[in-house]
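The same chain A turns up in both complexes below, where it pairs with chain B and then with chain C.
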Partner chain A sequence: MTEKKDYSNQRTFLIDLTRCTGCRGCQVACKQWNQLEAEKTTFFEGEGYQNPPAMSEHTFTKIKFRDYQRHGYNEFAFYKEMCMHCNDPACASVCPVGAFLKTPEGPVIYKPERCIGCRFCMIACPFGVPKYQWSKTFPFVVKCTGCYSRVKEGLIPACAKACPSAISYGSRSDMIREAKSRLQARPDKYFNRVYGMEEAGGTSVLYLSELPFLELGFRKVTARPLPSYTWAALRLVPAVFLTMGGSLAFISWLTHRKERLRREQEERNVREHGKEGQ
Partner chain B sequence: MSIVMRILREVHSYSWPIKFLNLLVVAGVAAAAARFVFGLGATTNLNDTYPWGLWISFDVVTSVPLAAGAFTLGAVVHVFHIKKLEPLVRPAILTGFLGYSLVCIGLILDLGQPHHAFNIFLYPNLHSPMFEVALCVMSYTTVALLEFLAPVCEKFGFHVPLRLLRTLELPLIVLGAAIATLHQSTIGTFFLIAVDKLHNLWYNPLLPLQFWTSAVFTGLSIVIVEAILVHRHLKQPDETELLATLTRILPWFLGFYLALKIYALIFLAGRPLFDRPGLTILFFAEIMLGIILPLVLFMTKRSRTDSSIQLKAASLVVFFGLVLNRFNVSMFGMIQENQQIYFPSLLESVVTVGIIAAHILFFALIARYLPIFEHHPEGVDYTIPDRFRKIKKEAVPAQGALGMS
Partner chain C sequence: MTNHWNDLKNSDCILAIGCNPAENHPISFKWIEAAMEKGGTLIAVDPRFTRTASKADIYARIRPGTDIAFLGGLINYALQNNLVHKEYVSEYTNASFIVNEQFGFKEGMFSDWDDRKKTYDMTKWRYAVDGSGKAQRDPTLKDPRSVYQLLKKHYSRYDVDTVCRVTGTNKDDYITVAKAFCGTGRPDRAGTILYAMGITQSTHGVQNVRAVAVLQMLLGNIGIPGGGVNALRGESNVQGSTDYGLLFHTLPAYMASPEYMDVSLAAYSARYFPKSSEPKSTNWWQNGNKYMVSLLKAWWGENAKAENEFCYNYLPKRSGNYSYIPIINKMAEGRLEGLVCMGMNPAVGGPNSLKAREGLGKLKWLVTADLWETETSIFWKRPGVNPKDIKTEVFMLPAASSVEKEGSISNSGRWAQWRYAAVEPPGEAKSDLWILDRFHHRLKELYKKEGGELPEAITKVAWDYGTGHEPDVHRVAKEINGYFTRDTTIKDRDTVLEFKAGEQVPAFALLQDDGSTLSGCWIYCGSYTKDGNLMARRDPADHPSGLGLHPGWAWCWPANRRILYNRASVNKAGRPFNPNRPILAWNSATKKWEGDVPDGGAPPIDDEKGAYPFIMNFEGVGRLYALNMKDGPFPEHYEPAESPAKNLLSKVQNNPLIKIPQNISVDMAKYPYIGTTYRVTEHWQAGAMTRSLPWLVELVPDMFVEMSETLANSKGIKNGDRVRVTTRRGSIEAYALVTTRLKPFLVQGKIIEEVGMPWHFGYSGSAKGDSANVLTSDDYLSPNSSIPEYKAFLCNIEKGGNHA
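Then we have the complex of A and B:
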């Protein structure tokens, strides 16, 4: 967890939200590839035109709609919500059975056969990505797979394939270079930051946007890899165990020795006392 | 047939509070069964915003420190060798054993794939605080069971295992305390991953140490509450004099915890701190009612002799210092602004009430049939060999020669 890994060759999404038209082709492609059930939705149930209102057990990715005004005109901004495929994923570090795996290709995948259903991953994920199959009696966790089954075979993820304009897919270093060159070429068009470069220690999904990210509904996330927060305490476990056990054992040896010496002294006294008595 | 009749007659002779507890436990078991038939989504108010609810917050995060009396008192009595407190140890160990067993049940109920729980051993992830706690809770439950077996063996006269258990008594206490230290603190580590989620009032890197310290003083306070309630309601001897020793130890831990809290708040916590009035009130309720007030009460001379002050202060520690703190960390402090509020469903509540009722019920029943309270080593000789039975000291001639007279 402490060693520096090279993530520059991992497959990475670059999602340019200024180029997103809100067609939701990615949502449809995702449902088709992952064989996800349709959700019964109501218009305007969530924020603005977005539908369904949130990611769920049936929806791994979702286009968030945001209405805002620019120069007195109504505008739309979009945000494609999905798993960020962190370089050092919190879900993988907290899972007691290691059901999450950061693959060398880039996607973070989930192994349902290992899952015991403690839902710690849902608490840990800073982006709120893992969802639970609340409709099932014995549910699993579900989330965007990064289309690992496609990526492994040399295809690009379903959403990236379906997207007509906004999603590029390639190695992380290429995507970062591309993002930076776009920022440089059109500084007036973009909010000057790449979301996902630093967040949670870096992710395999990068975003460019016109609006500030927090206004679009992105979460503010620390730049330090999340597993390092718990590891800072957990790495002390063996030392704490040995110190605690050792010192308690030593103290009890001391106190019992004191007791034994006292008793021996008493016995000696009794014996001497007894002799005097005879 | 006659055994069934005897059991029925025995059950019939129970007092009405015991019968009422029975009812609550049965309701809890039925609710737990419903959870397995219909699933978590249908029976609880958990959802993707609140993947953890009442069962984790109370049945695990709060119950584990509530059961800490066994390891703290065990260490005080056997390691630090304050022998006169020995009559308090067995009830504490019983509470600990019952508490941990019920934690295991609560944890299994909350798992979505309980039949795969064995995977913990097949695919261990050493980086997971949950793995650490699962392992520790399992091993500690085993240790607590072994500690609890002594009165069982005494009752039924199993002499050989009893001899083994007595030899192992001290190593088990030391091992138990070391294991308990680990998981009590690691439950705090759980919430270290919730950066940017848990509110600054509670999030700080010292959370594991705070959890351990509060578990220690809660363990001692629970022993006080339990001894006084048992004296008042189960007609057991008054132990106020023994409890006075605990009231002298408690201020040290309470004071250390208070210092930790203040230090973490000033130097380690993120900002802003007091931006949410509701959370601020909860935080100060925890500090004022749960730490400072009992600290003051335990420092008064009267708390050494007045059992009602002991009970009051210890209950404050338990309810505000611990239960409120654990709910603040695991539930209230995790709620983001403008987020929907979670209330446990009826079924969730019935299960949790059932678990609490089961604890009290089993405690009362076990205390009724096993030598839990009669463990006064100053009056009874427990040394082996003595044909492995309790023999009054006066009755043994060999011991009489050694007597103090």
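Then we have the complex of A and C:
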């Protein structure tokens, strides 16, 4: 996977947080489309009106609130936590049964029928996205599907459709171009970065913000695609398997051949000697 | 709204005061964002730092109930710094009108106050008139008795320092707001003011809106794209409900409902449809009689004839204030036999909930029509009550939701958008139309059989909406539009128009006062014509100006005119003040207006047949000085009825017209904090529609109150603790949300804290909680509109659910 893939046509979200009002239309649309359960909540969990406490088997996306003061001024900020649908997803790379797939359209989807519940993906994902079905007897890992069932039919994801203004959806190259043009047109309005351009090697979810991302609570994630860390070793596995295994098998065959030839010689000796003795 | 939602994108400066569009109109907020994309400025003025404030370029804090001080300060700033739109003010407002010598204002009171009747003698406020009855004018605006000079003098007391001491706003923030907003007085700049319940739910609510209007007229912002006085309506069809006269004091299309002294149609018309002696004033209400007659014809059909004044006698005549609070008071006194609540939840939505709930138990019968059980329909088994003690017979009618029935909804921008039923209502749920239709037929039968008081008023009603199971809503819509009752010929300028009986009236200008037309609501005349149901149109194309008119999308009243008073957007020759945003322009070659539907078809003023732009006022111009407001021609700041502060603008503490009951005085020692109420995105009004939807309950499951860190610290309250809030009316328990978004106010040297809360909760539904309106008062009402003062009261708060 070291060759450079072209992601420019992949379906990508552009989430402009300067437009997000924290209305949670996206959260509810996601629940409705995926027919997810409502969680039992009390008061609020976290800053502002945040609910439910965390993403889970029942919550594929969540608006996180920040309610704080910055240089003496109030900041009340909102951002959408969701699967980043990475270009080179760590979850797909570590899954021993290949239950994750980066589709050609862009969404990283998940095949529950293959999942063995090992939760390797939960450890590997740098954004902490895949969640485990703790409540089920036969539990699987679940996460945002990028609304692949809709995208395949030419529709846009449910959250993007419900959002009045903050979420745009289109090809990665278009979304990057749009993000850059906004940064250029209104440098006073934006923090000068597009989160998701480089994180984990680039993702299909890009963010613009007025406030610094780390201050909001976004994670600091390496620009290297996660699979590249293990790829150096993993890519040698077939070759190692074949050469080491093949060599050892050959040596074993050679060693056993000597023994086999000696045994065959003995059997022939026994048969010939037996005939003369009469 | 004078303008409409899409038009907000045209604004250079949006002042959101007493409203919270990001939270309460999240989808329409995108138009505000569109304006900001183009460089427009959003100003949020609110007691709390809301989700709207988080998006705003400028935030200014304001103490609840001090909006007139804030707006008065902006009026003064504009006048003192020469930021007004001079041509607009002198030509299109009554700035130049001379006020008679008897008008005055001294020490907080206008002249003349009748201390016995507790009202003003409004005859003292009239214009000074010449021999022919026309108002005298000074076009130079220098006469000290001119409205302009009187206005300037009145608001000279609203200097920035005084204003900020009253409102608790930081002075630098205030000046930033003033500079930004008053900068829209330039002809090439448009400023819009958005407002909602923060402005209206006050003992001076109507004067708050007047202050908004005065400021906008001074800045030349009315009638232009990106300008206007824009109310953000709170329920999806409240605009429709007020349009169709559901308020106690109006008939459909905002005609006044007659009172007992309006003994005949002629007397009524003389009182409400004024004649104007100003030749350049269109004075559109002079046509009022045609609309009244057409309405009476719609209601009593063939029975309404010229000889019987079109059954005017059958109209009920008011002899008092029949608004919400007097009804609840009467009910609470046991003097009401029955009550019908259709989609209305007095147990949660009105002030002083405990009184309302008690009062419901004194009814002989109650009918509710709702989608779910509400606190009102189950008042008889509410917590703390034994159903055996309540004798009220309760009928719950299941109602269809908006997606289960066909009809129109009118949005804040006056756009009536037709909708179809997507699914059948569940079980026995019925549309409101079906319910009312059945009521009508049954009542009619009972009156026919049993007689009663004035049975003809009901038995002679013309009611023909088809014979199917479900009344035909299209027939209702067509009747609202109106049609000709007989073959009619009308001379319209140079043409002769011929209409057949039963033909739809194409425009309200053709409604007649001789019984040849009927119309259920004249402002909707033109919405359903022989071209079909214009409200159902969905052409997304914009007008070539690109100003968001979308003339082919649905239909708006009146006459599909998107921006009201748009003839104030051009100068006297008919050229737009701002050529970059031409909503309307006069083509002197074709002698026609181009652009939006002109507000009044008359040519611009310079033309010999020209007319002034404010056609609904008899003067034809906008009123900086208002003749018909009970509490004064100029908005004046008074403190809310329950206030922690003394009035700094004058010696008169409260609006003299509000009737504060004798036995009430608020003890600040007992109730030291300001209380206010509001809404969140995630719940709807009294909560019946949302507190049983799991995905919404998940977001906001519990009643909470918001307070500052300093208040929390002083009471030992931490975020998430249970607290108890108490007022003179009652006491509630809730979770505490501690935040820096609320801060105390510095009021005359004292620190006054504030407690805010949403009012969505009640004891019914799956997410239950205490109701904020247990705390609010029904004692103090606006003298013009009778609206209660929900937004500013005094309360106390204690940790742990203990009584304060």
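Assume the second predicted complex is superposed on the first by the 231 of 278 C-alpha atoms of A that agree within 3 Å, B and C clash if a C-alpha of one lies under 4 Å from a C-alpha of the other, contacts with A are read in each partner's own complex, and residues count from 1 in each chain.
Here is the rule we go by: contacts are C-beta pairs under 8 Å (C-beta built on N, C-alpha and C of every residue); 3 or more make two chains touch, one makes a residue touch a chain.
All values derive from a computational prediction rather than experimental measurement.
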Contacts of A:155 with chain B and chain C, given as first, second, both or neither: neither
Partner chain in contact with A:52 - chain B first, chain C second, else both or neither: second
Contact breadth on chain A, by residue count: chain C or chain B: B
Chain B versus chain C as contact partner of A:244, first or second or both or neither: first
First, second, both or neither for A:101, with chain B first and chain C second: neither
First, second, both or neither for A:165, with chain B first and chain C second: second
Partner chain in contact with A:255 - chain B first, chain C second, else both or neither: first
Doubly contacted chain A residues - partners chain C and chain B: none
Chain A to chain B touching residues, read off their complex: 1, 54-56, 90, 93-99, 114-120, 122-124, 126, 128, 131-140, 219-222, 224, 226-227, 229-234, 237, 240-241, 244-245, 248-249, 251-252, 255-256, 258-259, 267, 270
Interface residues, chain A side, partner chain C - complex: 18-19, 21-25, 27-28, 31-32, 37-44, 48-49, 51-52, 67-69, 74-78, 164-165
Chain A contact footprint on chain C (complex, rising order): 22-23, 26-27, 29-30, 33, 49-55, 59, 680-682, 694-702, 704, 720, 735, 737, 739-741
Residue numbers on chain B that touch chain A, as the complex places them: 36-41, 46-48, 51-52, 75, 78-81, 110-117, 119-120, 122-132, 134, 170, 173-175, 177-179, 181-182, 185-186, 188-190, 192-197, 205, 207-208, 334, 402
